[in-house]
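Order as written gives the chain letters A, B and C; numbering starts at 1 within each chain.
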Amino acid sequence: MRHFTRTEDLTNKEYLEILRRTKIFDEGIARGENFTHLCPGKVIATEFFQESTRTSASLQAAMVKLGGGWFGISGIKGTYLETGEEDLEDTLYGVAPLADIMAIRHKTLDLTKFAGEGFPLPLINAMCGGTEHSIAAVGFFYTVKKYFPNLSKVKMGIYGMTKSSRPAKAYLKVLSRFKVTFYEDPVVPELATPEEIKKIVKKNGAKHITDKLENFIDQVDVLLVVEGLPQAGEDPKVVDKFNENFVPINKKRLAKVRKDAIISVGEPRATTDGRLVALKETDNDPRMIEKEMCKNMVYTNMALITYLLNIKIK
Amino acid sequence: MRHFTRTEDLTNKEYLEILRRTKIFDEGIARGENFTHLCPGKVIATEFFQESTRTSASLQAAMVKLGGGWFGISGIKGTYLETGEEDLEDTLYGVAPLADIMAIRHKTLDLTKFAGEGFPLPLINAMCGGTEHSIAAVGFFYTVKKYFPNLSKVKMGIYGMTKSSRPAKAYLKVLSRFKVTFYEDPVVPELATPEEIKKIVKKNGAKHITDKLENFIDQVDVLLVVEGLPQAGEDPKVVDKFNENFVPINKKRLAKVRKDAIISVGEPRATTDGRLVALKETDNDPRMIEKEMCKNMVYTNMALITYLLNIKIK
Amino acid sequence: MRHFTRTEDLTNKEYLEILRRTKIFDEGIARGENFTHLCPGKVIATEFFQESTRTSASLQAAMVKLGGGWFGISGIKGTYLETGEEDLEDTLYGVAPLADIMAIRHKTLDLTKFAGEGFPLPLINAMCGGTEHSIAAVGFFYTVKKYFPNLSKVKMGIYGMTKSSRPAKAYLKVLSRFKVTFYEDPVVPELATPEEIKKIVKKNGAKHITDKLENFIDQVDVLLVVEGLPQAGEDPKVVDKFNENFVPINKKRLAKVRKDAIISVGEPRATTDGRLVALKETDNDPRMIEKEMCKNMVYTNMALITYLLNIKIK
C-alpha cells in the first residue's frame, strides 16, 4: 500500500515519474484527449475537516477526468463528529471501505502515523497536520520545472511568513531535493522557515539564504509571495509585528522582477489586517502562475492518484 | 469564449439550435440512449452562493448524463468567503482552472460584466444578479414550444409578482422574441413587469396586455402562476398589499382554464403569509407542467453545456 | 415502478436475486472488473435530511461504480426546507424529475406510504422513518450469508438496545425470513425488540430467545453489538437505566466468542454516557465484520440500484 502522507513519501525518482505522468495528462487534455479509461468506476473520498475551495475541487476534478467519481465531507457539519458521537479515526475507518483512495485535510491529524497503523487505502495529504501542504508542492514543482527544466540553476525568492504557510514549507522540502537555491525575506525573523526545514534543505544539498527582498527581487527565476493568513495558533503579537513590516507586492515592485521570471502568490491572499499580499493591480501580470499552477494541480493529482493506485501509464 | 450570462447572450437562431439539441437528448434518453460519449471527463463547477435544490441538481445531472462530473459549493458555509479571507472574484477565478464550465448563483453579481472582464471558462447564469433566471427560461421555452410549436399564436397569462420573480422576467424576455402574446395580472401594480422588460417585449415585436386574471384565464394557452416569495429587498408594505389581494389558484379557478392549456406554478410556492400560490388540490391537474419542465431542464442544460463547450451534435 | 421502501418490499426470491448480483459485483471488482457500462449517465439523488457519513457515501460510490453519478443534500441546511419556504413533499417531488432513482433518509417520513402515492422514481430507504434501516439489512444479510451459507442453521446473538436501533430491527426482519435463530440480551427489557417485530420473526418461522449474553456468547455464529446511541425520542430515564446495566464489549468477553464466529459492532458506537459499546482494544479482532460489511454495502447497493432500475445482469 503506497501513501502520499508527506512529501518524504516519494523518492526523487518517483517525483520524476509523477511529473512524467503529469505531462502526459497536461498535454493530452490540451489536445482534447480523454483519460476516463484509466479509473472507470473508481472513487476518491475527499474528507475535508477544514474548509477548502480549491484543493478538494482539484482532487474531485482529477478523479472525474480519470473516469471515476467522488464522495466526501466539507467541514464537519452534518457528520457524527460534530455531535461528538464518533471520533476522527472511526469516521475515517468507517468510510474507507467505500472508496478506492482517500484525501484528507485536517488541522492536527498526523497522517504519516495514521497511515502507518494499517489504513486500508492509499492516503493523500491535502493539507493535513501543521507541517505541509503536500499535493500543492507537487503542483508547484511541476509548474516551476515546466518553465525552468534545469532546477539546479533556479533561484527562488520567498517573501512572507514561511513558518506559518503549509504550502511554502512543502515547496522548500520538494524543490530542495532538486537543488533549487532559496532566497528568503521572512519580514520578521519569528516567521522565517523553521530550523528543521532549513536542515532538510541543507541535507538535500540545496542552499538557503536569508536576505531582504530588495536584494534578490531582480535576480530570481521564481518569486513566491506567501499567503497572508497565518496557520491557526500563531502568536498574534508576532502576526501584528509581521503586518507592520510587510509591504504588499504592487506593480511598481513587480517591475523589478526579471521579465522571464515566474511569480506565485499564495491564496487566500488577505492578511489579518485586511490587505492583500499582492494587490489586485498585479493580477494581469503575465508572469503570474497561480492560475496555471491550479490547473496543473488537476494533472498532478491525476498523476498521484494513478501512481498510488498502481495504474500503469505508458 | 461563449457564455450564457443572460438571455440576450444567444441569438434567436442559437435558441433554436439549443432546442434542436434538447429534443435529441429528450427523445434519445426516453428511448434509453446514452450520451456519455459527449463530455467524458468534463467538469462543471456549480458555484451556488445562494441556496438551491433544483437548479444546481439539474446542472449536475446534465453533466453526469454527458459523461462528466461536477464539484461545487452550495451556500458560502465552509468557504473562505464566509470567514472573509477571500472575495467573490478571487473565489471564482481560484476554482476556474479546475473546471471546464461554470454555473453561478449569486444575489448581486453582474455576470455579464464579470464574463466580459475575461473569465477563462464558459459561464452559465443559474440565477445570478437580480434580473433573471436565465437557464430556467430555456427550460420553460422548450416545454411551451413542445406543446405549442407555433409560438407566435400562443397567448400566455401571468398571475403574480413578475417584478420580483427572476424566472418570470426571463420567460418574458425569451418568449417575446418568438412573438408570444402576454396577458398579465400583477395583483398590485407595484409588482407588475418592470418598464424595462416591457420595452424589451415591445422591441421584440410581442404584445403585453395588463388585465384582470378573470378576463383572460379562459383564453390562454399557457398560464404562469408566479412563485409567492419576493426577491430579497422588495418593499414589505408592497408585499403585504400583494398578499391581501392575491387569491391562491384552486381547483375551481383552474376549471376555467382551457382543457388544452398548460399551467406552470413557480416554486417555491409558499407566500410570505404562509399560503401556497396554487393549492395542493391542484397538484394532480394533468395540465400542470412544472415537473415536466424540471425534467426538460436537464436536457436544456445538456444542450447549453454542449453548445458552450463547442461540442458538435448531429 | 419498484421501490425498496422497507424490507417487506422484496420477496425472498428477490432477496436471493439481489445477493446473486451482489456476488457478481463483489467478486468482479476484486478481480479488477469494471461495471460502468451498466448505468452510464444514470443519476441517483441522495436526499439525506439527517446526517450520514457512511450510508450516503455507499450509495454514491455504488452509482459511480455503475457508471453514473449523484447529486443530493446532506442535512437541510441550504435548502428551502430550512427557511420554511417549501415542505418535504414539494422538495422531493421537485428534484425527482432530475434523477433516475432516489435514496432518502428522514427522521419521520413514512416512505412506503409516500411511494404508494405515485412517486415517479424508484425509492430507496436509507434509514427513513423510525422503523428500520432497510439497505443496511441487505449489506448485513449478504455478509452473514457469505460466512454461513446455510442460514437456517445460524445462531445470532444480539446485545444492546434493539428497540432503538433501526439497523438491528431491519436485520431481524430480513434474517428471520431465512430462519436464523436469534438470542437477544436487551440489557433492559424496555429496549428489547418490539413485540411487532417479534411477531414478524415468528411469522417468518424463525425463533427468538431472550437470554443473558453470558448464556449464549460462546454458542453463536454471529454476534451483533448494537450501536450505543438511541433513536431520537427514546425515554432518557430508560436510556440511563440501560447505561447503568450495559457493559461494553472488551477483549476478555470476546475471548468467549467462538473462533469461527463473526462479530458486528453498530456505528456510531458511542453511548450517551461517553463510552464505546465495543472498546477500541477489540478493533483488530479478525472476527470483526463491520468494515467488510460496509464495503459489501457498495455491492448490495449496486445490486439494488440495478434491480430497481430493471437492468438485466447475467
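Everything that follows uses one rule, which is that a contact is a pair of C-beta atoms (placed from the backbone, for glycine too) under 8 Å apart; a residue touches a chain by one contact, two chains touch by 3 or more.
Bear in mind that the values here come from a model prediction, so they are computed numbers and not experimental data.
K.L.:
How would you label the chain A and chain B contact, same or different, if same means the shared numbers make up over half of all numbers there?
P.N.:
Mostly different residues form this interface, as fewer than half of the numbers used are common to both chains.
K.L.:
On C-alpha atoms only, rotate chain A onto chain C and read off the angle in steps of 5 degrees.
P.N.:
To map chain A onto chain C, rotate by about 120 degrees.
K.L.:
When the C-alpha atoms of chain A and chain B are each averaged to a single point, how far apart are the two points in Å?
P.N.:
Distance between chain centres: 39 Å.
K.L.:
On chain B, where are the residues touching two or more other chains?
P.N.:
67, 69-70, 77
K.L.:
Touching chain C in the complex: which residues of chain A?
P.N.:
40-43, 45, 67-73, 77-80, 82-86, 90-91, 93-99, 120
K.L.:
Considering only the defined contacts, which chain C positions touch chain A in the complex?
P.N.:
Result: residues 34-36, 51, 53-54, 56-58, 60-61, 63-67, 69-70, 74-75, 77, 229, 267-270, 291-292, 294-295, 297-298 of chain C touch chain A.
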